[in-house]
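Multiple structures are listed underneath, in structure tokens.
Same chain, two partners: chain A is paired with chain B first, then with chain C.
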Partner chain A sequence: MNAGEVLGRCIGEATTERVQFVSKKMPRIGEFVILECDFGAVLGMIETLARGSVAIPEDIFDPASVEKIRAMEGDEYYIQGSVRILGEVESMKIPRTPPPPGTRVMCAPPVVLMRIFGDPGNGIRLGTLVTQPEVPVYVHTNRMVTRHLAVLAMTGAGKSNTVAVIADGILGMRGTVLIFDMHSEYISASFTSGRVTPMRTVLNPKHLSQTELAKLANIHGERAYVQSRYFRMAYTTAIRDLQENTIGISEFFMHMKDLLDGYLEEERFRDDKTAINAVRNKIEEFEERYEQIIDLTGREFSESLVPGTVNVIDLGAVDEDAADVIVSHALRKILTGRKQYIRKREGIPFPLLIVLEEAHILSPKTRSTDSKYWISRVAREGRKFGVGLCLVSQSPKSLDPDSLSQMNNMIISRLIQPEDQRHVQSASESLSEDLLAQLASLNIGEAIAIGPMTKIPALVKIDEFRGRLVGGDIDVVGEWRRAVEGREQERDARRREIGQMEDY
Partner chain B sequence: MRIAHLADSHLGFRQYGLYEREEDFYAIFEETVERIIAERPDCVIHAGDLFERSQPPTKALRVVQQALGRLDNAGIPIYAVPGNHDILIRRNSLPPHILYDYLGMKIIGGRNPWYTHGETFIGGIPYRSKIYHAAMIEDLGRLAAAAEPFRKRILVLHQAIETYLPFEYELRLEEIPPSFDYYAMGHIHKRIVETHGQGILAYPGSSELWSMDELSSYKRDGKGFNLVDLEHDRQELVKIDLPLHREILDETIPLERLEEYLDSIVERLRALPERPILNVKITDVKEGSAPVYAKLEHALGDLVLQLRPRFVSAEEENLESVTEGSLEIHAVIAKRCGDDSALCELALSLFDLLSRGDSELLEEASAMAEEAQRRLA
Partner chain C sequence: MLDIVYERGVGSRERISGLVRVLEKSCPDASELWRSDDIPRWEHEIRIAAVDGSYNRLDFRNFVLFAIDAESVMYEGDGIRNRQEAVVDLLRPYRYAKNRLQLYMTLLEMRLAYLTLEVERPDRLLFDGSLYGHAIRPMPFEREISEETRSRVMEDYLPELQAAIESNRAMITSFLFFDGMQKDFRDEFAEAASYLEYLERLLVLSMLLNRYRNSLIGISKTAQRTDFFNAEVPDMAIFERSTKGAGWSIPVRLPLQREAKRGFPILDDFYRGLDFMTCYARLEDGANMLRLEFPYAIDEREIVRNLSLLRETSAGGYPYLLRRAHRDVVIGHQDMERLAHLFGLFGRTGREML
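Up next is the complex of A and B:
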């Protein structure tokens, strides 16, 4: 529709939130309109549309009659729809009175939309309006980081692209991002506005808390409290000896095992020999299992964060338990590091946005994980300390609802499962029933952006990330062909060489 | 059908740069051929590395020429597959073997992958490095198919098999077709005899001591060639030993017993028919090896072809038995730094920084070192 074009007129009873209209033209869902009220211009968004004909009501049962009517009446139809009122154009406040009946409904001119979405200010460009591609959509960075963000979509609907666009935008503002890269997608990505800092996925037991270590060693306090007690005894002694420099860090686990062996000899622990042995075994299993990610000389992780870059922790090669420990450890260190900085000017001197991929694994609805606890802590306290969370998930229904409801901003792409849709709606105040209904009909790359980062909800066509991402779907057929061709070429080349070398 | 099977003659090899050692290799080859003629087999199979290099000294070519002449006079044909030392991995290069076709040498190669000797199939493949593995497997299958109609089948290869040379092999045992009666192998210098499939798989080993590593297997198994009889239901294999004339001694003596040793060995050395190569390791050497060397040289110099001493101090002796655990460089650095985590961190960061090979990072590195020094102080 052209800007300023009159679409139709309001009909029926209107409220301050919603108004019905009829039209002879064909607008599109999600399109922004201006209602010319007596008290001033009001901005709204078309939420529902229906198309009907007075001559062809729904109680006709014979297709032949319809054909006759059509022959007589032609393609007569009307458009009826509803507009959600977003606010007065000048102030963006919800008007105090409903628009009067008969108010003209007009296409919103780009100038108005530009003023609302297109101000680069402190914003990150997400993309353009789906309905008005000439209008770019910027989101408010401060509000996005401090009020957290959820990026929700089905697999293949463009989550990674959205995250990459946001990270690139933050880089453009010299901001800092930390991505927990569950699928090794970002570790070798290249961004247009900055670089990636790969962080080694290593844990130094020196920097781990006793509970984190116990969890990695598979000693669970609530189930194995006796084991847990001996583990704690050995751990606290070993840490003390480490701090007093009576042992070296390389001897840490050896020392713990020696201490446990000592307990075995002691008369007063006579009854707990099984438990002590179990703890000892678990420490050995732990050393074997986490050989790859345990590094006794590793630096404290928060010291390796580089401001102004996308810091990537590659979790592609570790199992879920280890990922849980790494994520919860990192979140704890970041939150305390930021608190320290705000209070004492020590710790982490820059705010950051933390991207958690596969958030439904780290913070599941049904299980309790360490990450879940720290995600909710950061979600609650982060805004005061400049730690933003971005939870990414393709399965909102298995994501912890409390965590999700803390994400005040959402970028939601195609979600088909009704359960996912309901879950998202119950977590978000600003997602109406009608917007929700839109979710299943979004195309790839299109998303609904809501929350404090955008003044009003918008249907956005997300920009294509201009850097390079690893991942995406593999071209299976192509890979097969290349593999076979490569083998054949290799074989032919070797055959030729053999022919030339063994020509005797 | 009786076959003499030998391999790894390495003619033209001048070990330690000694003319006498080159002659030793010729001498044992000539003796081998004499012995083969005396055994009157139906044919000879040489399984590769006839020469040390693909361009051998004329003397080596001459030795083979004369030996083949004698075999030809005796009416014994020879089949040969080129080994890795005989060839250059290069387009259009030829192994020296092709010089001897007029003397009846039958080269197993690209043009003639197999021959028939009466009712016996003799086929094989010249040495191929591991990158030709796929083609190797394919060609082994073709040979097995071609051998199918024959009453007796011999496969000749110059390759290492994983079971016997686990880290530098080109073939695994199970990749070799099981349908041959005899697998005439070359390449590994030890003597190996095994059953494989329905036949015998054998490495006759080298005929001279090509490397000191072969000393223990020589003492245990001897050196020589194999005589294989395929006429009976079960193949029969006899190892023919040809003792080496020159002894190669390998001894370890603590310094304090040197005098005693010198007294006893002089007599032993005088009794040997040829002057030996003497490898001697003197342990517990405290100050300077020069006087010890002078002493050894003075006492034994004229009695040996070459004196090859090694001097080891008590500390070095201990060093040799260490390095358990990881040799990953970060781990080694961490271990060396011991308990000092600050030092360790510095060492590791310096290592990482400087390994990038960028001279502009030197400043950063020295700043890092100064900073650390300040902290440690």
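Up next is the complex of A and C:
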């Protein structure tokens, strides 16, 4: 459709939020239109479209009949649709009166859309409008970070690309991002506007709280309160001794085990020998299991963050419990660090956007995790301290609704499951029923962007990330072929070798 | 429904089922009158039109608001063109509303058919229903109109009516004379007006038949006539029951002389000289039976030719142009309410308490 072209006319009863129209031309879902009202021009977005022919109703049961009717009537059809009113063009305020019946519906000229979406000032370029590719879409960075963001889509619909585009945009503004990389996708990524700071996925028990450490050691207070008591006793003494330099950090776990051995000898703990032994065994198991991520000399996490880069914590190799501890610990430290900086000029001196991949695992709907608590805290308090959250999930229905509802901005790509769609809708005020219905029909790379980061909802074709990401789907067939070829080459080489030996 | 209705139904089950069986058994065999040959394809240029009309009314306590419309649809290979006409008015007088509104609709259909035949020159024009019925159907108030009233209408209004029809002054010309007639006939206005409308029907139909009878085909989806078998059940039901697949019946002549034995108040010779013929046909396997009516003598060869054209322009075994016209013209109750609101008619109809 060309800008300014009359698409059709409003019909039926209109409200200040929605109007129906009828057309002979075929617009597209998500297309922006201008309603030429008597009180001024109003911007709207086409949310539903239906195409039909009065000559070919649904009660025809023979295709031959349809053929004959088409031969006589030609390709006669009508278009009916609904437009969601977004605001008056000049002020972007919702009009006080509905458009009059018969109002002309016209294609929105790019100059109007450029004014709304195309202003790069303080914005990150997300992509272009699906329906008007000449119009770039910039989202307001401050509003995106402070009001948080959810990137939701089914697998393969472009979540990682969207995150990479946003991270690259933030790098372009010399901003800081922290990504909890659940699938080791970003750790080796290269961005066009800055670099990645790989952060070691290590935990120093010195920096962990007793609860965090107990959880990693599989000692859950609510289920094993006796074990929990002895663990706490040993931990508290070991930490005190560490602080008093009675022991070195490298002796920390050994010291805890010695303390537990001491308890076994004591008469007063005679009845709890089994529990004490269990705690000792669990500490040994913990050391064995987390050998790779326990670093008794590691720096405090927040000290390792590098401003102006994409800091990536690779969680690809750790289990869900460890990921929960690492994430919750990091969130706690970051929030505290930012609070300290704002109040005392100590702590973390720069705002940052924290990207949590597989957010439904870290903040699940049905169980309680430490991360869930801290995600909720950061979502509530982060705005004032410059800590933004970006929850990424392919399963919104499994994501904690409280956490999701605090993500005021959303970039939603293809979501097929109705339960996912409903869950997202209940978490977002700006996602209308009609917009929701579009989620299943979005193509890969297309998304609905809503929230304060964009002046009005937009159907966006997300830019293709121009850097490099590791990950995506594996070329299974190619891998098979290479594996067999490799074996054959090996076998040929061995035969040649044997042949040479026989010749010799 | 009251429970007693169902109880009565249960009580009569045996008797009614038995009656149905008897009626079905007594159904004559129609196979000898039926041709199951293939309807040949139409190989020529197509120029065909169809006309249909509709009416609806909203009864208020002291008047009736009515709306009538009609549409002609013309197809000649490069798409469909249509013409539409409508009348919206209050019915004067109130009595015999249904018959009179049907007559108005027929007038509108016939005027539009005439106009379409004049301008578009289709080879065939399909009429929904029976032209024969329009010719022989008695007028409303038949028995209530005195000889004196009839004579006065014929003398004082017929010449003017004729002239007005010929000069095409209105789609329903009788309306033009109602103000004068009201003064002239006072208490007998209803009867006089109805008589004038009847005369108009005969005049307009004669215009149509006189000039274009060979182009007209009346088509009915339902028909109660018993011209073929003179049985208790309609011919259509008998053909429907005893034949399968596409085909057609041989034609029969309609007994106009017998049915119009009382004669026509005007154009008696013309009407008595008409030949109407009818046959039944199923255009496609599995489709419904149609009654076809031709206002002229027609042989079987010509019937097959007409069927070819009809089949070529039918969808689901029914002429598409008629379906299209019917779809367009339907005036629903909501349409009537919208019209009433347009006139500010929010008066009580007397049915609000139901």
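Keep in mind that, in the parts below, the second predicted complex is superposed on the first by the 461 of 504 C-alpha atoms of A that agree within 3 Å, B and C clash if a C-alpha of one lies under 4 Å from a C-alpha of the other, contacts with A are read in each partner's own complex, and residues count from 1 in each chain.
Everything below uses one rule, namely that a contact is a pair of C-beta atoms (placed from the backbone, for glycine too) under 8 Å apart; a residue touches a chain by one contact, two chains touch by 3 or more.
Just so we're clear, the structure is a prediction, and the values are computed from it rather than from any experiment.
Look at A:M72: by the touch rule set out above, it reaches chain C but stays clear of chain B.
Contacts of A:G121 after superposition on the shared chain: neither chain B nor chain C is touched. When the two complexes are overlaid on their common chain A, residue A:Q500 makes contact with chain B while staying clear of chain C.
Looking at the shared chain after the overlay, A:G102 reaches neither chain B nor chain C.
Put simply, more of the residues of chain A are touched by B, taking chain B and chain C as the two choices. Residues 75, 79-80, 313-316, 320-321, 324, 327 of chain C are the ones touching chain A in the complex. Within the complex formed with chain A, the chain B residues making contact are 87, 89-95, 97-98, 107, 109-111, 126, 128, 131-132, 134-135, 330, 334-335, 338-341, 344-345, 348. Put simply, chain A touches chain C in their complex at residues 54-55, 60-62, 64-66, 68-69, 72-74.
Residues of chain A that touch chain B in their complex: 206, 245, 247-251, 296-297, 299, 490-491, 494-495, 497-504.
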